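The two complexes that follow have chain A in common; it is paired with chain B in the first and with chain C in the second.
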Partner chain A sequence: MTPPTAQDARIHNIGYRRYEGERLGAGYARLSLFVHSLRGGFGLGRSARSKVLPFGLFAIMCFPAVVMVAVAVMTGLDEMPIEYQGYGLAMQPILSLYIALAAPQMVSLDLRFRTIPLYFSRPMSPADYVRAKFAALSAAIFLFVAIPLTIAYAGGLLAELGFADQTSGYLRGLVAAAVLAVTHAGVALVVASRTPRRGFGVAAIIAVLTVPYFAVTAVQAIANEQGGSDAIGWLGLFSPTTLMDGLQSAFLGGTSGFPGEAGPSTGAGVGYLLVTVGLVALCHVLLVRRYRKAGL
Partner chain B sequence: MYNPTVARLTYRALLGRRRALILGALPALLIVIAVAVRLLNGADDHAATEILGGFALASMVPLVGVIAGTGAIAPEIDDGSIVYLLSKPLDRRTIITTKLLVAIGVTLAFTTLPILLAGFILNGNSQVIAGAFAVAAAVASIAYSAVFLLLGTVSRNAVVFGLVYALVWEALFGSLVPGARALSIQQWSLAIAERIAGPGADITSEVSLPAALILLLVATGLGTWYAARRLGSLTLAGER
Partner chain C sequence: MSVSTSTGAGLTSGVGASVINTTALTKRYPRVTALDGLTMDIGPGVTGLVGANGAGKSTLIKILLGLAPATEGTARVLGHDSAAEGTAIREQVGYMPEHDCLPPDVSATEFVVHMGRMSGLPPTAARERTADTLRHVGLYEERYRPMGGYSTGMKQRVKLAQALVHDPRLVLLDEPTNGLDPAGRDDMLGLIRRIHTDFGISVLVTSHLLGELERTSDHIVVIDGGRLLRSQTTASFTEATASLAVEVTDSDTHPDGAAALRAALAGRGVEATPAPGQLLVVETADEAVYDTVRDAVAELGLGLVRMEQRRHRIAEVFQEAQP
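After this line comes the complex of A and B, so read on.
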């Protein structure tokens, strides 16, 4: 016997419609994630409070470029006081702080609020996620360094410091900034992807970026006193900052910040290139492995 | 002024699980460098000063200070679980002093002992360089812990501001603007190291010893006092 209500049962048409628009696919999802992360790296699309630190650091980053231009115009120098290739390295503390701020913002929050499974329920693989984040952080760091360079370049042209000199220096500076951005982004993301807590991520990234630098510099200073200029070059391989410094002095014609301005020899220069490429590849592999499982 | 339960909770928050290993990586690096330099180079007073002053006191002590000082209180304020602690019948000053003592203890353990050990490895405490830097690190640990604990109660971005102070102010501005060096915990502690170490140790500080001692006491005292005040007036219904 059927219950009395079953006779009144009927199916209403609630107007469900299939999605008939264009399916944009994984490529579009990657692009969206890239743009979203890049904007997030500068606090765009977030609260006003979270814009203060990125833009404050960016202003400090641009300040020496403006001063350089002013000095060049006023005193009639024939070249810039700071080389284009070494600009990012000269501002290393500010740059490290920015990276330490941006990297956990990009990946730690997804871990903390468990949004990772949501990303992977889209037509996106973990490798796509990693590449989008990697590209976004690299682009953010590149802009962070390249915009002050562009300011200095424009100022240098206005001060008539010589078009050919300035342009070749500027282009080499951009290459140095790009290499710096990719390596530092890799290291920072590997560290940040291990912790869901932002504060801890910030401290850990700063530690990874600066402690080896201080250690290498101290040991290099000792090697310099012992007269081992060969050792200075090889020691530089052991921290991201000195790695970049050696690379730009070996291949981009910059002056090294090593003690006694002793850049790496040609043999060591090849070593620098190999270590840099290896470091980026290693970071990528580690990141992809980290996100193989969608949970935590 | 000291509550064992709060101390145990803070200690576990700082060193629980794998965090002790991460915090231990810094002193381990220092010891490795010290051993390597000693083996390659032999005992050398100048090398010892370079490593202990240029690496240990300049980067390791502030970093451990930031992690321990802000880590003792900032995460709890950040995720709101400080409420459970504040709602217990405990004086808030007791909470702050207990957390400060734990932070100081952790910083001391992870900086002073390794520095002393590294100093002995580097040159066998000749010219009392190891002892001088160990005392300087101990004093700096106390001041850093108090200042960074205060930062943890003031700002949600405590770690960032702590690092801005340690890196940008002490390292960058300190090397560009001489005046900035007079207002740096690192220089104050160096003044003490300068006094303890032998005359050939080549440790120099920007500030005189009495000024350094007074400034250290003031920074520690003011930091603790104001942190207690901040925690005392912390409203439980935080503005989000």
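After this line comes the complex of A and C, so read on.
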């Protein structure tokens, strides 16, 4: 606690002052909420304790990128050991854990401490609130994936790997990270906004992100043994993780993690795109509906 | 039935005559009617909105903020239609909810700055106004500590500060004295009074206790079952409801002091009724009654233990109003 200074003493004698300055309205409030939530996603502006997990996970997320660079430099490889497009998916367990922590941090606390009415009694509408939170979590997940990619890219250039190759891979990696961020943010927020209990939110998000993945992978493995390689592609539509995997292998030139590296056919690829767009739109609608009723 | 206040608007000059105006405002939920043809006109100043739990106070606030549509009728706040111009209303109105709404792990300063920005204040202005507002509500060094450790009184002050940080023209305070001890209640009521007299901001404050709003408000609106029961200036309300409780000692010459005083008062044309606990209740028709009681007690040579204004409960007003 700081002792009062002479300046404080002077301020104490001023009476109430009106505010005649500008009022920046809902758009500015939305942007402020976005920045505030994005910082909160990494524990910035909160207690030291809430910074430990996000930054710990982030360090783990960056570690393979650093190792990749080291290996590439030491052994003189001519390309990166892991594709940029698949980096986020390869790190899926760490990423899921981060999303499961960040999403309840962004929305469950406002519900639990009943801060929501304070937002909605201001110019901001429920839709503004949802967009700010959606954008903030998407941006947090994107940074979580894109920064390790950037480390790998910078290292790749230092190791004098092919510039054109590296740049095109890096850019496609960024696109994959952006799509992954938006879809996962949507799913995680829909789950987190249903409960004011942070612990439930964390567990439910991990379940929603991993259970369908294991189910789809298991069925794909069976389909592979039965020789139905076409079915493998279509099955990937049914979990967020395999959805991203199919999308990046269909459109971004990556290799899928499906059995036999069988990516979706062109027809299925269009299906992947439609399902992804539909999923994001659905999450947005569900969130706005959730908050329209969360009034006072 | 509509009464507008004529109290000194003082700093709010320039504000139109009507701050809140409702016409046949009705809100029906599938199972209950929360507001039933409510028509009232509230001018600048401090207005107390009194009603029992479930009388429709919170529903009214929701409609005034433009957050819930009315089933029928219209509401205008600061000249804006609440159904169509909710955003314009919420820019100029502050709202303090009844329930807890503070995250425990951030400090009052950080929280109020954030809420100021949510109201559209640029970053520098939000910080300056936060420091000003927290000082006005009486939070000093503790404003840098996490709010989880605050007392109820301090939390209520932060809730009030976030409603004032953007310098609104009207604040809606929902049960601001809830959970406070008597001293904290008096502090809060004093603060509410100052919001109008010193800051020039009109106030609509709700409570289920009429007594505490009598002292603070210029104007009292009583609603029950979503209908307007009374709307009048506090002065006329006090006349109708105030009474004086008097307790005196017994002396050797007057073994039953209360009875002796009652007789003496009757001789002076003031009627007193005995109440449990050796109390006399005197209806205070005007200020002179205080002097009459004092003189009568002095003449009898009795000790005056206490003489206090009796606060009427909202229930009594209902009994009076509903024959």
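Note that the second predicted complex is superposed on the first by the 275 of 296 C-alpha atoms of A that agree within 3 Å, B and C clash if a C-alpha of one lies under 4 Å from a C-alpha of the other, contacts with A are read in each partner's own complex, and residues count from 1 in each chain.
Please note the rule applied: a contact is a pair of C-beta atoms (placed from the backbone, for glycine too) under 8 Å apart; a residue touches a chain by one contact, two chains touch by 3 or more.
All figures in this text were calculated on a predicted structure; none of them were measured in a lab.
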{"item": "Touched partner set for A:Gly45, first chain B, second chain C, both or neither", "value": "second"}
{"item": "Partner chain(s) touched by A:Leu149 [first = chain B, second = chain C, both, neither]", "value": "neither"}
{"item": "Touched partner set for A:Pro123, first chain B, second chain C, both or neither", "value": "second"}
{"item": "Partner chain(s) touched by A:Leu237 [first = chain B, second = chain C, both, neither]", "value": "neither"}
{"item": "Partner chain(s) touched by A:Thr217 [first = chain B, second = chain C, both, neither]", "value": "first"}
{"item": "Partner chain in contact with A:Tyr19 - chain B first, chain C second, else both or neither", "value": "second"}
{"item": "Superposed model, chain A: greater residue contact from chain B or chain C", "value": "C"}
{"item": "Shared chain A surface residues [contacts with chain B and with chain C]", "value": "none"}
{"item": "Complex contact set, residues of chain A against chain C", "value": "1-2, 4, 11-12, 14-19, 21-26, 28-29, 32-33, 36, 45-47, 50, 109-110, 113-115, 117-125, 295-296"}
{"item": "Chain B to chain A touching residues, read off their complex", "value": "22, 26, 29-30, 33, 36-37, 41, 44, 46-47, 50-51, 54-55, 58-60, 63, 66-67, 70-71, 74-75, 78, 157-160, 163-164, 167-168, 171-172"}
{"item": "Contact footprint of chain A on chain C as seen in their complex", "value": "58, 61-62, 65, 67-68, 87, 90-91, 93-95, 97, 99-106, 110, 114-115, 117-122, 125, 129, 131-132, 135-136, 141, 144, 146, 162, 166-167, 198-200"}
{"item": "Residue ranges of chain A touching chain B (in the complex, touch as defined)", "value": "53, 93-94, 96-97, 100-101, 197, 199-200, 202-204, 206-207, 210-211, 214-215, 217-219, 221-222, 225-226"}
